[in-house]
Every structure is written in structure tokens, then in C-alpha cells.
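One chain, subunit A, links the two complexes that follow: it is found with subunit B in the first and with subunit C in the second.
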Partner chain A sequence: MRCLLSLFVLLMGLFATVNSYAADAPQPALTTEDSSGPQVVQPIEFPHDRHAGLRNPSDPTNSDPLKGGMEIDCMYCHTYARRSAVAGIPTLQKCIGCHQSIESVRNKPRIQELFKYWDAKKPVPWKKVHDMPDFVRFNHERHIKRFVEQQNRPTQEACGYCHGDVKQMTVARRSKGLTMGWCANCHQKDHPVTAAGGTPVGNQAYWYSFQKPVAGTAGGEVKAQDTNNIKAQGPNDCWQCHK
Partner chain B sequence: MSVNNLLENWAQFRHFHPVDDKPHDPYKWAMSIDLDACTGCNACSVACYAENNLPVVGKEKYQHGHVMHWIRIERYWDESLGVAGGGDFPEQGAQFLPMMCQQCEAAPCETVCPAAATNHTADGLNSQIYNRCVGSRYCSANCPFKVRYFNWYDYPTTDNVWPAEMNQQLNPDVTVRSKGVMEKCTFCVQRLHAAKGTAKNEGRLVHDGDVQTACQQACPTSAITFGNLVDPESKVHKQWQSQQVELDKDAQVKDQKEGGSGLRGYRIFEELRPYPSVMYLERVRESAV
Partner chain C sequence: MIDSGLDRRDFLKVLGWGGAAAALSGCGNTSIEDGKETVVSYVEAADYAIPGIGVYYNSTCAQCDAGCSINGRVREGRVLKLEGNPASAINRGKTCGLGQAGVQHHYNPDRVREPMLRKGDKFETITWDKAYALIAEKLNGAKGEEVAFLSGGVSGHLKVLLGNYLASIGCKNHYVYEALAPAVARAANKKAYGIEMPRFNINKAKVVLSFGADFLGSWVSPVHFSQQYAQFRKGVDGQRGVLIQVESKMTLTGANADRWVPVRPGTEGILALGIINELGMASGDIAAAVKGYDRIRVSKETGVPPGQIDKIAALLKLRSPSLVLAGSAAEGYAHGSQNAAAINLLNHVLGNVGKTIEASSSVTFTQMAPAKGNTAALKSLNDGLAAGKYKVLFSYAANPVFTAPGALKFKDNLAKADFKVSFAHYLDETALQADLVLPLDSALEDWNTQVPEYMAEGAQINIQQPLMEKLHANTRGMGDILLALVKQRRAEEYKSFDDYYAYLRAAMLQNKGALGGGGADDDTFWNDTLTKGIVKLAGSSGALSGKASVVGLTLPAPSAADAQYPLHLIPGVTASLRDGRHANQPWLQESPDPLTTIVWDSWVEIHPKKAAELGIKEGDILEVTSRSGSIKAQAYLFPGIHPDAISVPLGRGHDALGRYAKGYGANPFQILDAVFDQETGELAMHETRVKVSKTGQCVIVVKDEGSAGGKQMGRKIAVSMSTDEVDLSKEV
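The block that comes next holds the complex of A and B.
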């Protein structure tokens, strides 16, 4: 009996220790392939579809808000995407800059809410939707340079590779996995690495060895028939994307 | 990318001997530190704390060996001058040596990591991947320079490390490490990435002087030189060359000359063949002048 009692005390003590241990370090909820993270509630339900959505061809004056958008470029508001690692959330000034002269929607509840922040001289506390873990290094600028400036693709398409079809959303939601394997999918496909360590695409020096061709691939060129022989290898420069 | 793949290809990414097995092109980051210029002021260390989100652990944890300085100033005394010499001014004659991760080409820490959390990069750095680290501390045990530091506590939630309002001063480009991972000097890899990004946008390579490490930037006597060793125009290349220190040698040719070469450049623990990327310039001693 005594032995049982001491065992009980020992076990309780163990649980208590473990519990207090875990409570010390609150970790952010990790996302998996199947989950797109927590549902973010924004202070104002911002209608991306109304701003960035396509115009309704049958309504050239764009009078019906339910039918068409303004086709505003993503980078009119998220202006830092083309010149820095982070895309940035527009300042309240940017919202007001347009909305002070759009009388037709001035009395809508969301706009009134917006002007409340403006009058109080307080920024809107937007929440981050695509919130990457601390150890991920992602550079918007490089992606915009490549897709929009070099390859001349439409901004909404380029942004949509990672952010989904935001022009059809009201409040932005995560629609892509944004896991490491998901990133690597594109990078393996589009930036194969030559045996010498360089990449044949646009002479840009990547060092992805997720899919480094086995030695002997002639001339450093990755040919379609070689892709089957390419052996996935361990990480080499994890620092490309991890910090 | 399974663990099997990782283990199978374990050795392929390691340098056994630099230069021969993998060319450094276009970058090989390296450093040289002039010990004659170093005054032991610790500005480099402070700059590193600020740049890399290092926790200030306090006196008690310091005494337990939990200090997290990625760059530390080691102090040495000449036997004839220091405390042992019994002079009137025992502090006189102190010599200083800033010690940080030497970014070895054939790094002893890399070969022992059970999780492949520390790897070699194409530009010659020894990377430490926090989210991969399981905290075995084997790397630290195998590091001859003892420059790897382990997070014994979850410092962000530990009292007096960063009071709430100080969270605002943390560098967003550097992870705030959590409990149970190893960390070390990265040669300010976040700055290297920024410089490489800018250079790539402009369609060129990183020029010498485009990027400075935090310690180099803070050094009041410019004792620290950092740059691309492959670039023949870089200051660090010129220094290594003028001191006849070669990256891929475990014993420099100049040191085998009778009577020495009279050059000041040397690397620490060169004979252990880690091929460090940091060259020190020996202090000019009073007795030698």
C-alpha cells in the first residue's frame, strides 16, 4: 500500500513537472499540408474582391458593388513587395487617400469604421494572415523581380502563386500550403541545379540540392529524360530559406 | 527528402579538403582580424548582441557557463608581465583575441550532428538550422574553438532577458531562438542575404564593401576585415595573400622557412585541419620591436 502511495505521489509529481514545463513556452500553432492556419478575424472586413476583382464588362461605370471590382494592382496598396523582403500592409493614409473623395460609399458601415480610426489618429490593427514561422526567410522582392519585371507576368498571377486568388476573396485567407515541401515543389521544378552547383535557368546561382542532378549529366544541362535519374538529396544550403 | 536520403548522402556535402572537392564560386566569405589593432573594448561583442538577438543571461547564468556571446574577447597575459610575473601592474600586458565561429571548411561540428542541422553552404559558411536542431550538443563537444552556445532556457520568456518593451528592438531578420537549440556566429548571414539580393537585382556580384558584419561595423579600430576571399579585389583577399595564408593548407608554406617568414598572419588550430576561414594577424610585441 505504501509502495502504491509513493508511486502515486511520484507519478503526480511527474505530471505536474511536465505540465509546468510546457506552459513555460507557448509555441505558435504550426500549420501542416492539411491546415491553412488559424482563421484570422480582421478589425474591418476588407473586401479584396471589390478592390482587386475584375471589372464587370456589362457595367462600365462599375456602379454595382456586388458585380465587379476595380482591378487595382496588388502593389498599389502592398507597395513594398517590389522593393523589400516584406510586402507590407498599407497605411491608413493610403485608404483615406482614395476614400476621402469617394462620396458614394462614404456611409457604408465599413468605411465609417475606417474613418473612425482616421479621426482617432490610430492605425487599423490589421492581423497578419500569411504569418510564417520565425525561422523562414522569404523575399517578396526577388519573386516580384523575376515574375513581374523579368517575365512580364500579371501581378495578380504572380502574387497568386502563393496567396491564392485573392481578388475573389473578401478578407484574405490562406489558400496555399506554404510548407517547405510546397515551396520546394516550385523550386525543384523551375530551378534545377547543375552538377557543378549552378543553375541553368537565367544564370542565377541557386544551390538547391533537393534535386541536384547526379554527376555525369552532360554539359550541366538538365534534360527531360534525366529528371528520372535525379536523386533527391539532403539539404546543402538550408540558409537559403531558413534563418 | 526523407531521413534515409539524408543519411545516405550524409558525406557528400562535407568538405574533406576545401577547394579540391567543391569550388567556391562566386563567394567564399572570410575574415581577418588584426590583433595589433584590437584594444579589447568589446564593441564587437555588443554589436553582435544587438544584431543577432542574443539574450543577456546575467551574472548567475554566466557563472554556470550559459553565456550566449557569439563573439567573445579572450584575454591572455605574457607570463613575465601578468599576475604570475608579480609586477606592480598585473593588468598590464593583456592581449586580446576576439573569438567567434571560424566557419571551418572541414568543420568538425558538421560531421557529428545527428540531425544534419549544421551544414556547409556553397559560399563557405557553416550553417546552423535552428528548426532542425534537436539539441544533442554533440557539435559543441566537437568544436575545438568552443564557439557554439546552447539555449538552456527559453530566453524570450525568461525574466529580465528582454522585458516586453524591448521586444521591439529585436532584429526581424534573425530568428529568436527557443529552448533546446544550438546557436553560433553566422558571419551575419542575414546581411549577406540582403547584399546578395540587392546585387542580384542589379545583375552583378556583391562588391567588396557592400556588406559588413556587425562586429566589423562596430570595431573602432577597424581590426576586423570581412569579405569575399574569391574576389581578387577584396581587402580580405589581399590581406590573406600578403600574409601568404592559404585556405586549403593545414601548415602554411611560409612557416616552414628557416627562421620564420616575419609575416603576422596565422590561423588558430590550423594543424587540426578544420581549415578555418578566419585569419588572425599576430600582435607586434614590444620585445620584438
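The block that comes next holds the complex of A and C.
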């Protein structure tokens, strides 16, 4: 009897849960690493490809929007990314700064729309395309410092690790999973979980495969004090992302 | 709960499964708000405005009038956190809990947002133009002496502007009322030392003997004294300072003392004279005056054992310099001034004056010095109102309907004024009685200058400046309102000032030289001033002039027992709630009282012995009745209180103010008798006698200490037993 009752409660619990999210329809499909986020409708359909896309060598005046972009550096507009944990959204002033002197497109509907906001001194209500749960803290500045400034990789490549090939998009769309396992994919590759090989690993921070860090494998012998000396630091410390 | 054999653990497991399923659907592999949430960018942004990066501005804490300088972190245009400004000698980078809650004053959902005019029982929203016009109209129908202005302790340029406004309407009735201001102390200090607020150097003392001065909690400048106290504890010349606290109800400071001496309420002065006698250091008429106070008599009258008195005297003799403080607990009696005089005399006898008590600097612009006042001022306003003297009454930064002793019947008298204007942050008890309510900017949105009463080192003028844009479009700064009002009368004189900011800037620049900006151009000086948030001045500090004197010092015999109302009521002043004006800041309600750990409610502190005598246990709802009224609150058995006294904390028991204040706890102000200090005419806060009776109800006291209700409620967690009962060999 007792057993039955327990089972009943268990089933009810599960049922209630299933019910509660069935009602939440439609459910997005679980994404894989390369699957995309939802197609987001923006108040102004901002063409990333036109701004950041590669130039078309056969069109030196860059006049045909269908044939090439202007190779503007991501950070020209997304200027906060290298200075802050959050990338923010470029100010409206930034758009206007250029567009007030680009007469050729001044009468295009999207640009007219843009100036409407500017004249009213109202911000454009962009929709968020890349969102993280509130318990995750991703630091843009650190990644840009590392890849662009220290390792001299091209900005578009560095940004692209997480944001995908934006230069080919019009309105940006999420193209990476952005889950913890997905983050770990890179971090595991580039910061092996050994004290000798990569970033030192914190005692509490062995979430890759939930294995204990092995200290001093390069030297062969593992000494107790080696493991004790390992300090939590860098991306292997839980706290770095879950503050 | 159903008795199913499904225990708590199984139940949690089931919930856990449900939770996991919910998590999968909730955030699982997808990001949670993609394409749903709006990200709003700046239209234009200053270079320093970077999303995610804080900018910091210096300003001044307005939660109490100690004048701590604060430094606010602002991110994306929103103020997030306040810290102390290290450059201020008053608070050196720290704030108290009350100060921390300043952001909740600013973001409070119950702030008044529109000017409101009474229509019968209700208020209706009106425009500012209409409100100003209405004030002008009412003032035209009233003579200067028929107008009164009630305010809290204003200082700085606001006080100057207020003075000018009152002059312009010919009103001489400015009543300054701060319910907990140390008014008796000021008068007593003036007599003993020649100034109202000397500098107390706790850090230079080797012994501090405090008669009910809660300097770590709420007395005068608590953040400053807390830091001095830390130095005092480290010790002068390696000798750790010793703190002795004499009081009838344990305060936060009392709880930190090396020796806590419970004294019969009201006999602090007698004890002080007894100590002087015991010291044997006095001569002449002082010696003659204290001769009668031998240890046996003093012990009998104060309830302090003779051995204690010996020890205190011996310690004071041994370690010099010391410091004796007279706090509000000693001064709250009809003979409060006498008590304070006796205590201050002790400092003279011990030779502390000039060593641990020094002259303080004061700002040379005396018109900016803080306006002071306490219940004596309120009482004369109250008398005037009762006599129907006033047609128009303004009130600002005071809530007398809540804080006036019940016996004054202030609320009834207030109704006799024809037109009442309240400048308010919240619809508090006083604003609710007003005819016109004008909404104020929060302290984090407003411009001002503030001059603290207690100066730590040199003199200083504190700058209060907006940390962010206004939250609500229709609130106004108090300075802006006064400027608009004064322009109604003296348009010509004030026409060059568009707003209070312009006035403030011009006024500061005019005295640039005296403010330490000689030589700098205007903009540099002004920007520098705003950046620092403090203008430090050399100030003027005279020598202490008072002399030790026993002239007029007569202490009454301890009060006789009152058969009908046998207990003394000690209104407790807590560090976070003070007089209750900030009770609508939930952090203050939820942070546990440091001594009882009770949250969100009032309590009656009663000595366990007394409680046993009356058959009272923790959680019993008691009715506390005085000659002026009664309140109900839960009993809390507390050994840190004299058995002849009970204490109820001030600040709670609002029936207005806002959602976090209204209906929580009881208001002891309501039942205070109208007994006044004979010399200063200030309210004798501790003179009210009460009786307690059980109502028959009982609740579980919500507190951090122990487990709920002191019981385990059948759960086998954290069994409490004293350490000597534990047999470790059995436990392992």
C-alpha cells in the first residue's frame, strides 16, 4: 500500500510537470551545437552582411548591396565588447554618425525608419538575440583581450566563435548552442585539465567530466603538495561564470 | 500532513524529478529569452557610460543627519550601491545599515509621484502650477504670524533659502523638530563645556564610561564613533580600552561593553555623583556637593552594588584620560538636565575636558549650521495649533503625527489649521492629514548642501548631488520648490536662478575663496567640489569654556513606586529604524535587531524575573498601558533590561507611510506621557510609566535566534544542549 501510494505521488508529480510544460507550447526543439536560435524579427532589419561582409573585388565603389559588404570591424560598432563584460548595443548616435553623411542610402526605408527614432530621440527597441540565463556571467572583454589583443586573431573570427558567421547574416541569429557543455568544448581543448599543461585548476573546479584534476602529469610523479598548490583561476573556476 | 509513510525525503525526491523535468523545458539546451527580451541602447551616450561598467559619484547620506559622505555606484544610469566616501573624516569610507538602505528610499514603490490636493476624504492629482498658485492664494489670505513652518533638522543652503522664504512671507514661526535629537545633551554640554556639541575622542580614552549613550548604534554620529571605538579597543599605548555602560536597557553599545551596569531608571545622575564621591578627587564645593552620596546610599538608590561602584571608581582613577558620556537614556527624565550635568561634572573631575573632550570646529557660515530642535518646539507649535493660531502650516522632513507623544494630541490640533501643506517623499501619517501634498525628489536625485552637527576633524560642508536621473517626472527637489515659492514674493531678487542648482552653484562660487577655491576658475572649483563631494574647511574652533560647577545641581530622590503603573517604559532607539521615518525600507524591517534578532515586528522587552512574576512567556501578546494610551506587542524575555522597566522599540507601528511599514508592529510614541525636562522643556522620553497585561493571545516570535519558537517542532535537527552536557565519547 505504502509503495503504491508513493508511486501514485511520484506519477502525479511527473504528470503535473509534463502537463505544465505541454501547456507552454510551442516548445523549441533542443538544439545541437550548430543549430540556430529562433529567427528574430527586429524593428529595423539591420543588414550585418552589408556592414561587415567582405568587399567585392569587382565592385571597387562598393555600390551594390547585394554583391558585397564594407568589412567594417565588429568592434567599430560593438565598441563596448572590448571594454566591459557585457557587449551592450551600439548607441543610436553611432548609426547616425555615419548615416547622416551617406546620402546615397538616406531615403531607403530602413534608414528613414532609423532617422525617425533619432528625431524622436527614442532608442530602437532591438530584440535580444543572444541571451544567457541570469546565473551565467560571460565576459566579453576577457575573450577579446585574449584572442584579438594577445593572439592577434581577426576580430570576426574571435567574435564568430560564439556568434557565428555574422558577416553573412542580415539580422543576427544565434547559431551556436551557448550551453555550458558547449563552452566547455573550447575550454577543454584550450585549457587542458592539468596543472602542467594549461591553466591551473581549482580544487572545486573539475567540472569537465567531473574528474579530479591531475597535477604534475608532465613531470610524471604526482606530489600531494602539487595538488594543494593548484589555485582556482581562469575559466576552470566555477566562480568565473557563476558569480 | 497525510500519514502515508511517504516521508519528507521521498517527498523531496518526487519534487526533484518534477523539478528536473521543469528545468529541461525551462532552460535546457535553449537560451531563455532569445528574441523575446528587448535590449534598449542609449540614444546618445557619454564616453564614460559603458554598459556593465560602474561610474561612481560622491554625495551625502541623507538617512540621518550625521552627515556621512557616500559614494554611489551607478551602472547603466541606475544607482546600485552606496558605500562610504573614504575622504570624509566623519565616516572614513563606511556607512551604517541605515545608510545602505538609502537606495530603497530612492526606488521605493510607495513614493509620492504627483502633487495632490485634498478633496473630501481623498486626494486628487493636480499640476505644480496649480499647487503653487494655491499656496500663493492661501498665503495672501493669511498674515505672517498665521503661518507656521515645521521642519526636521535642515542645514546648508536649503536652510538659508528656507529662511529667506519665511522672511518673504513675514513668517517667524519656524519650528524645528527632530524627535530623537539630543536636545538635553546640547543644553547640558553648553553649560558644562561652553559648546553644544564638543568633539568626543573615544579613541584617545583608556576608559569610556557611558551613561546610556548608544554611540555604536544610533547616538549622534554612530559610524564615526564605531571607528573610534575600534581604535579604542586596540588601545592607547597598547592598553586596550575598557568600556563600561550604565543603562537600564541594554543597547548595542551596552552589549559590547566590558561591564554592563543595569541601573534603576532615572538614577544615573546619582550614580555619577556617587562615583565622584568615591573618587575623592574633587575639592571645594564639588566635594561638598557630593559628600552625601556615599556608596551605600548610592547603591541603595541606584541598585548598583557598592562593589561595582568601587571598581568603576578604581578603574577611572587608574587609567587616565577617560571619557564619560551622557546619552539620551540618562537624559530622558524630568530631571534629565540634572542627570546630564552630574555626568558631565564627572568629566571635569577626572580632568578629561580638553583631552578626550575637545572643542569642535564649526563652519564659519553660521547661517548654514543645522537648525536644531526637539519636542519643546513641537510643543509650542502644538499649543499654537490648539489655540487656532495658524491658518497655513507647512511641514517638511518631520512626521509629528507619528512621533509626537500621544498625550499631546497633535493630530487633533493639526486639524485646526485651515490649510496644511506637506512636502513629502511618502504619504506618511502627517502627509495624510495635509490638504496639499507636494512630492519630493529622493535624496539620490536632489541637490543640496549639508552641514553636519557633529564635526569629526575640521569643519566640512557636504555636497548632496543627484546620482541618477529622476525616477518620476513630477517630483521636485525641496530647493527647487522653495525657490519657486520665494520667487512668488521676490521675483526680482531671484530671477537669475533658473533652478536650485543654479542657486547653489552661484552661492558656492560667491564664497569660493572662503571655501578653499581661491585662485581656481569657477568651473574648475565647482567640478572639483562635486567630484569630491565634500568641502573641507579650516573652520573655527574656540577653546572649551565651561567650568566645573555644581551650582543649581540638585538631583531628586529616585522616583517612588507607582502602584497603578508600576513599570518604566523605555522607548528603544534601534540603529536601523530610529524615529521610524525610514520604516518603509524593507531592508530595515528584515535586518534582525542586533540584540533580540527579531524582524518585521515590535516586541516588549521584559526581564525574565519580572516575566515569571507576571506569568509571561515569550510570544505572549501583551497590552502595554500608560496614562496616555495603550499598545499591543509580543513579549520577549530579555535579561538585558532592568526588572522595573520594559522596552518597546521605536519606529514601527505605522498606519500609513507605505506597504512595508503600515501595519507592522506597534508605536510606543503613541503612549508617551507629556512629561518634560524641567530645564529645557524637552520631552522626557523615559518618564512614562506603564502596566502590562496579557491579552491571552500568543505567537511564535519571528527571530533569527534559536529555532522557530524555541522548539524543534518534531524535527530532529540541531539539538541544543549546553556544552557541559555533551558527552563526546557518546556522540562519536
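We adopt the following convention: the second predicted complex is superposed on the first by the 165 of 243 C-alpha atoms of A that agree within 3 Å, B and C clash if a C-alpha of one lies under 4 Å from a C-alpha of the other, contacts with A are read in each partner's own complex, and residues count from 1 in each chain.
The criterion applied here is as follows: contacts are C-beta pairs under 8 Å (C-beta built on N, C-alpha and C of every residue); 3 or more make two chains touch, one makes a residue touch a chain.
Remember, predicted model here, so these are calculated numbers, not experimental data.
Legend: residue contacts after superposition of the two complexes on their common chain; A:C238 is shown touching subunit B, with no touch to subunit C. When the two complexes are overlaid on their common chain A, residue A:C98 makes contact with neither subunit B nor subunit C.
Looking at the shared chain after the overlay, A:R174 reaches subunit C, while subunit B stays out of its contact range. By the touch criterion defined above, A:K145 reaches subunit B but does not reach subunit C.
Of the two partner chains placed by the overlay, only subunit C lies in contact with A:G88; subunit B stays clear of it.
Note on subunit A: of its two partners subunit C and subunit B, the one contacting more of its residues is C.
In the superposition on chain A, A:P123 makes contact with subunit C only, not with subunit B.
By the touch criterion defined above, A:L54 lies against neither subunit B nor subunit C after alignment on the C-alpha atoms of chain A. Of the two partner chains, subunit B and subunit C are each touched by A:P133. Shared contact residues of subunit A with subunit B and subunit C: 24, 27, 85, 133. The part of subunit A that touches subunit C in the complex is made up of residues 2, 5-6, 9-10, 13-14, 16-18, 20-21, 24, 27-28, 30-31, 37-41, 80, 83-93, 117-118, 121-133, 174, 177-179. For subunit C in complex with subunit A, the touching residues are 4-6, 10-11, 14-15, 17-18, 21-22, 25-45, 50-53. Listing the residues of subunit B that touch subunit A in their complex gives 1, 5-6, 9-10, 12-13, 22-23, 25-26, 116, 119-122, 125, 127, 129-132, 154, 157, 173-176, 178-179, 186, 189-190, 193-194, 197, 200-201.
Against subunit B, the residues of subunit A that register as touching in their complex are 24-27, 85, 133-135, 137, 139, 141-142, 145, 184, 196-197, 204-205, 207, 209-210, 231-239, 242-243.
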